[in-house]
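To keep things simple, chains are lettered A, B, C, D, E, F, G and H as they appear, and every chain counts its residues starting from 1.
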Amino acid sequence: MNEVLDLGYARVDIGREARQGLPEVVYGPGKTVAQIAGIVTGLLEHNSGPVLATRVAPDTAAAVLERVDAGSYDEEARLLLWRPAAPAGFHVVVAAAGTSDRPVAAEATAVASAVGLATTVVHDVGVAGLDRVLRVRELLRSADAVIVVAGMEGALASVVGGLVRAPVVAVPVSTGYGASLEGVTALLAMHASCAAGVTVVNIDSGFSAAMAVHRIAVSRPTADHGGSA
Amino acid sequence: MNEVLDLGYARVDIGREARQGLPEVVYGPGKTVAQIAGIVTGLLEHNSGPVLATRVAPDTAAAVLERVDAGSYDEEARLLLWRPAAPAGFHVVVAAAGTSDRPVAAEATAVASAVGLATTVVHDVGVAGLDRVLRVRELLRSADAVIVVAGMEGALASVVGGLVRAPVVAVPVSTGYGASLEGVTALLAMHASCAAGVTVVNIDSGFSAAMAVHRIAVSRPTADHGGSA
Amino acid sequence: MNEVLDLGYARVDIGREARQGLPEVVYGPGKTVAQIAGIVTGLLEHNSGPVLATRVAPDTAAAVLERVDAGSYDEEARLLLWRPAAPAGFHVVVAAAGTSDRPVAAEATAVASAVGLATTVVHDVGVAGLDRVLRVRELLRSADAVIVVAGMEGALASVVGGLVRAPVVAVPVSTGYGASLEGVTALLAMHASCAAGVTVVNIDSGFSAAMAVHRIAVSRPTADHGGSA
Amino acid sequence: MNEVLDLGYARVDIGREARQGLPEVVYGPGKTVAQIAGIVTGLLEHNSGPVLATRVAPDTAAAVLERVDAGSYDEEARLLLWRPAAPAGFHVVVAAAGTSDRPVAAEATAVASAVGLATTVVHDVGVAGLDRVLRVRELLRSADAVIVVAGMEGALASVVGGLVRAPVVAVPVSTGYGASLEGVTALLAMHASCAAGVTVVNIDSGFSAAMAVHRIAVSRPTADHGGSA
Amino acid sequence: MNEVLDLGYARVDIGREARQGLPEVVYGPGKTVAQIAGIVTGLLEHNSGPVLATRVAPDTAAAVLERVDAGSYDEEARLLLWRPAAPAGFHVVVAAAGTSDRPVAAEATAVASAVGLATTVVHDVGVAGLDRVLRVRELLRSADAVIVVAGMEGALASVVGGLVRAPVVAVPVSTGYGASLEGVTALLAMHASCAAGVTVVNIDSGFSAAMAVHRIAVSRPTADHGGSA
Amino acid sequence: MNEVLDLGYARVDIGREARQGLPEVVYGPGKTVAQIAGIVTGLLEHNSGPVLATRVAPDTAAAVLERVDAGSYDEEARLLLWRPAAPAGFHVVVAAAGTSDRPVAAEATAVASAVGLATTVVHDVGVAGLDRVLRVRELLRSADAVIVVAGMEGALASVVGGLVRAPVVAVPVSTGYGASLEGVTALLAMHASCAAGVTVVNIDSGFSAAMAVHRIAVSRPTADHGGSA
Amino acid sequence: MNEVLDLGYARVDIGREARQGLPEVVYGPGKTVAQIAGIVTGLLEHNSGPVLATRVAPDTAAAVLERVDAGSYDEEARLLLWRPAAPAGFHVVVAAAGTSDRPVAAEATAVASAVGLATTVVHDVGVAGLDRVLRVRELLRSADAVIVVAGMEGALASVVGGLVRAPVVAVPVSTGYGASLEGVTALLAMHASCAAGVTVVNIDSGFSAAMAVHRIAVSRPTADHGGSA
Amino acid sequence: MNEVLDLGYARVDIGREARQGLPEVVYGPGKTVAQIAGIVTGLLEHNSGPVLATRVAPDTAAAVLERVDAGSYDEEARLLLWRPAAPAGFHVVVAAAGTSDRPVAAEATAVASAVGLATTVVHDVGVAGLDRVLRVRELLRSADAVIVVAGMEGALASVVGGLVRAPVVAVPVSTGYGASLEGVTALLAMHASCAAGVTVVNIDSGFSAAMAVHRIAVSRPTADHGGSA
């Protein structure tokens, strides 16, 4: 099946689940309650996996949930969710540098859980308090993948990238002021990271980080890989 | 073992192999023949996996190979290599948009091969000739991970990200002129991509993309993951 | 006739219709209801073609329509219009990448229609769902010109530019967040496009794109042109 | 016919002529003499229209011409050319603001001629000497399309855009110093132009401007278009 | 006299009038009604020339005028004024490109008048309607100095700079959208201007332009200067 | 007389002297010896004032002087000059902040002298050695206009702007490294200056500063101006 | 003691006092009244030095003070404070360039006092009124360290850096408009400063400047240091 | 004594030693051998402290040393030096993140030594190998001040800032490629650092960092300071 569902106000890609393993995700901003509800209903009918709407404000969320049954809302993550996947064996740790990184970490965690990943979150592991990082070192090393959420200078990505051998996906956060340039500094710094093989997603996009890890989780398993100890 | 080898001109992280599954990689620019040869020798002695030196010019490479036995040099990739890993079952496809993206694609491919990944390269799959993209669609879909190498507007990352369910690591390339801003435009565009879960590494860093995929290849296999069809 | 109409608060270029084929278009922001009404009235009196006021908020529009008869308002396009031109044979297709590109696409479409072009709009043809692009390929190829409206990475301009031989005018859109840089990323990416001969107008300016196509439509026809198959 | 010619070092899009009315154009930088000669030979064999290689240095050009018969080289435009199209009725005027804009104007003119457009060039029409602009006003108004080539503040695009009703394609030029920011200032200024419907191509890309006009020239003729006087 | 008046919340430079020919000007934003009134009162007492407070909102202005007698307020210019200088023989023409440049032109005009310059304003002389520029050519040429106020691409500065021999002070304006970058594009473009000897002041600073012309007006007259016809 | 002299490789604006009081100035970069010589010869024949060619390298200058009699060359200023104007009464002081600002100061001084201004240069008056500034305070105050040449943070413009009542034209210089951003920092800082009425020209353009002062010198003298002490 | 206090919503670094000499400082924005109160209570219990919460709005501050005894609030500095340190012998002078720099200067002063530094503030010492700077020269020279607070062009840092031999910490301020670029211009200009050894902290961060001086105050005293007179 | 020594090509600030405790330092780039030798000779004659010339190439240095006796040259630091100060008790540790940061670290170390500070350098303490940082933790904590030299993402400044209570001066380095933006990313990231009280100097300026620490070393000692444990 590889079809488009035309709702007039949107052409929904209901073939994406077959192509990519997950239904299309609804991006909330700029859509009305009726539009979100209509697209979600279409996805629930034509697809079988989890259905998500991201960045939805509380009022809008409540109104959508009145129209479409059996959903739930995570306010910190601003995520609407129907038919979450059962948690599978892939474990992702979400590490957030500071208090102001919490909403982005919440989105990453909620989306990752919704698509079937096992998640653990650790907060306040900013590199200026190195002991707080070292205290969670074993947890980080046990992860199948790590999502690093950090604003300001984004240094946590380099530090974590050097501690673990698993995939590290870094999310720059738009908090901070002045030289933080609304997350652009963290984005650039994470790219310039001295830790090899750290990858980066868009500013504030906990969603993208979770989807990147989902891609990793579904990539073909390989029992024995050369080059690693 | 978690030690530093102090050579005077460098403190080599010989514990990295134990920590992260691969020996430290030598970044060539700014180092003399003697320094590269010394660090490589130290890594060969204290570690057991593949030893790489990146971005090495041909003259330097030849001189290093005279001093350190059993190495090889890939001129297009500008990579010096000792003790390559045997190819394992993880298959990465490197897709390059245009002719000028070839050197970066070569680095990604050579590094990926060196650390034990099976690699296939496809060139000239720029999105302005969509049929060329579609022609390799099945190859892309068969990959365990895809590295997209693209300068100019970087659109290939979005297109490939929408075609496959595997991890996609995008490498912006500094080719082009004017509005390309030496790769910054491609980097930003890849982050703004409409395809969910595409990750990005630094401009021109085929090396980083290969290392990111290596992290994915060694992440814990999982036989059965919820949320994917 | 090549005159200026001095209204005190504005010097209206009533000679533009003779010079350029269309009356001056009123840019709404920063003008009062009385000013818009006064300029429109002057243009209706001294010119004979369509009179447009762009980017007019609904409240302002309603108040202007009370003062100047026989106009209409397109709320999505935020366009006030008097004396629309009859549709002529030139056919422009407006292709929008995502839902958030709709207002800009609406402005392009409404302005193009107002000045006498035949228009067709297609939505949600983002390149991450390549099948949605391919599905409208024949429509795009049948157009006399294509306006591509896309935010984020702006990749649709390159893809469409490679599919059709007609003129392609790309409009970057200021939607998205983080690395989108309020449309600057899309603007730069469209300029760096690998598709030859794609042109670009200012961010969010559906109006400029429509006017660019109008210039093309009125350029001298040529029955037989060398170099094309 | 919609095929790719695989030369090992390049996959040539020999189907582009059928799709878009012109063979693929070879971008010279980064390619060897042998590669340019090979791609050109392939295009000459499999396509029937004009074959161009842009941005080719004189030495390289001479060596290529020794290997591939019947070509010519325009040094100022740095263009290699085989099988130029016969000039058709579409007339494009290339207007350059200053002496340092000449090479870009030369590329625009040579490429436009090669693909079958009739061209006229006017130089030194910078807006600081308004009389020089006014002197060519009639020439500009007689054109089917105008290409404006201007560095520094790029003001000529606005002035010409206000003088003619035909399509205007603006090329920002990277000359100047300081606040010119290597053409970025002109590019931005041309987009911010107060003249409606002016379109812009990448910095220094006389080639893109010519291709944009070629798209206009081959767009469907329309004998009678509403909305214009 | 070269003293500072310390009001606690401000240290007023009451010696500036002796040093520079005009009392210190009060910059309104961020100051309370009481603070503006206090500083103005101090300046009126200790200096003898015109006293100005710029960028004052209407409500604040009304409250200040209740506390300090004999002042007046220009709402469009947002200028509070006491003891305006009598107009002297120096004539400055303020030329504004578009309607949205009016507030900045108003500030330039009001400040220039307040410090004793004779002023004439002309509006809507954007370069896309070149005839409107040419129509005021003689007026511009008769001026002792010209202030050019223009947003978007700022081209008017180059055009005027080429038309007159008098000093030209250009004010970039933060109107426009997208590529206008809130006036930065106009600022850069005015600096890159092809007209020699045009100078530029900060974005939106009609005040600075007027003060620059005031400096010119008070510079030593010279009856016969070589090098000019 | 308002004519253009067409030399094939250039259209010389020989009417500029009548319009603006000075012949067109030849910008050297990108022009051949023959072109510079030709344009200069044309200007000498058709105009009567000083003829200048700026930014000419020593070798080029020597070759031009062999072809065109009676010229001179200032190597530090890189200025070729014929028929300098006799010094008139207008006195400009050029104040340079540091040693690396000397070439730009030299250009400003040489051009100003050539067009008939009386000039004095003072070097090494950087604000970090405030006594050096204060030592030249009386000289600065005696000037009819001051040109401030400063790289790095450009603070000298603010300091001088506060010391004198005459016109101050600031030239940002591209020296320095890192945060100097090749003069952009100084340009922005000079615009943000806290001294009212300071104007700015393009980075490194001693020429533009001199021409700006020339405009001031030729502006209409005024014996008695209100508002100044 | 080197512990973390886990409050659920925050992991407080209560070991910082032992490590760095001061308890962790609470950054107010984004935290609720309950969170600030909880963290402050934890710090008061587990640490013995001064406890600060920065950038707290008046309403929030009042509510926190109701929950946590014995604190005080400085509204201009927006600082909540418990257990201020007794003033020690180290004297810091805070010099602010203009009125709009006051809030940042207030934060620097209040934080410096809270951590035990003796402070003096001087306002309105902008470099355009050099006499105001010179008047406080002796005060500046008597300081153990100087904090310079300046927006716009930030020139005060260079001037003060050249006047004193003590450490100078510069704080760029985001006031101003246009070319001030929200403090980025001042930040860059301060880095490009011609005064050697001036250091810079983040835009608007009076807090960081105070903490930098605190580090200096607690660094090891040295009775007799070579190289200084 | 507060004098200027006028050498014609430079006005040397020989009063700086009395004002600021160190003679003026000669910045090498752009100066001839004769100029450097002349200024150095003047400083040696009129001042009594150490005389330094920075950023001097080896050839130039050798030629200067032939003209001015008793100097020495540090090639890695590119520093010429006469009359170094005797080391005093103030101990600064210079910590460099990577091999490519060595030249900047060398300049910081050589200048600090020259002005009388005791210095220790540690290399290769990049945060991706956290153990290498932890291994030097005690050394860092024993320092009176720390200079952190780091390119790429600059994360070392945050980590060190969190480890020590002494002053930390961060030097961003222009190494790296792509997103490093020639040191601008590191500069911004260091300002956005989550570690309180870290200060920053200009990109690549080991010299400025050393001078900043010199200011700290000479600031008034204070035996007993409140607020620190």
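In the analysis below, a contact is a pair of C-beta atoms (placed from the backbone, for glycine too) under 8 Å apart; a residue touches a chain by one contact, two chains touch by 3 or more.
Owing to the predicted nature of the structure, the values given are computational and were not obtained by experimental measurement.
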item: Both-way neighbours, i.e. chains that touch subunit D and touch subunit B; value: C
item: Intersection of contact partners for subunit A and subunit D; value: B, C
item: For subunit B placed onto subunit H, the superposition rotation in degrees, Cα atoms, nearest 5; value: 90
item: Contact-richer chain pair [D-F vs D-E]; value: D-E
item: Chain located farthest away, centre of subunit D as origin (C-alpha); value: G
item: Mean-CA-position distance for subunit F and subunit A (Å); value: 57
item: Between subunit C and subunit G, centroid-to-centroid distance (C-alpha), Å; value: 52
item: Euclidean distance of C-alpha centroids - subunit B vs subunit G, Å; value: 45
item: Overlap residues in subunit H, where contacts from two or more other chains coincide; value: 129, 162-163, 178-179, 187, 191-193, 196, 202-203
item: Listing of all chain pairs that touch each other, if any do; value: A-B, A-C, A-G, A-H, B-C, B-D, B-H, C-D, C-E, D-E, D-F, E-F, E-G, F-G, F-H, G-H
item: Subunit B residues within the subunit C interface of the complex; value: 97-98, 126-130, 133-134, 151-155, 157-159, 161-163, 176, 178-181, 185-196
item: Subunit F contact footprint on subunit E (complex, rising order); value: 17-22, 25, 49-50, 85-91, 115-117, 144-145, 162-169, 187, 191-193, 196-203, 207-208, 210-229
item: Subunit G residues touching subunit E - in the complex, by the definition given at the top; value: 99-100, 123-125, 129, 131-132, 135, 175, 177-179
item: Complex contacts: residues of subunit H adjacent to subunit F; value: 2, 4, 9-13, 15-16, 27, 29-31, 35, 172, 174, 183-184, 187, 202-205
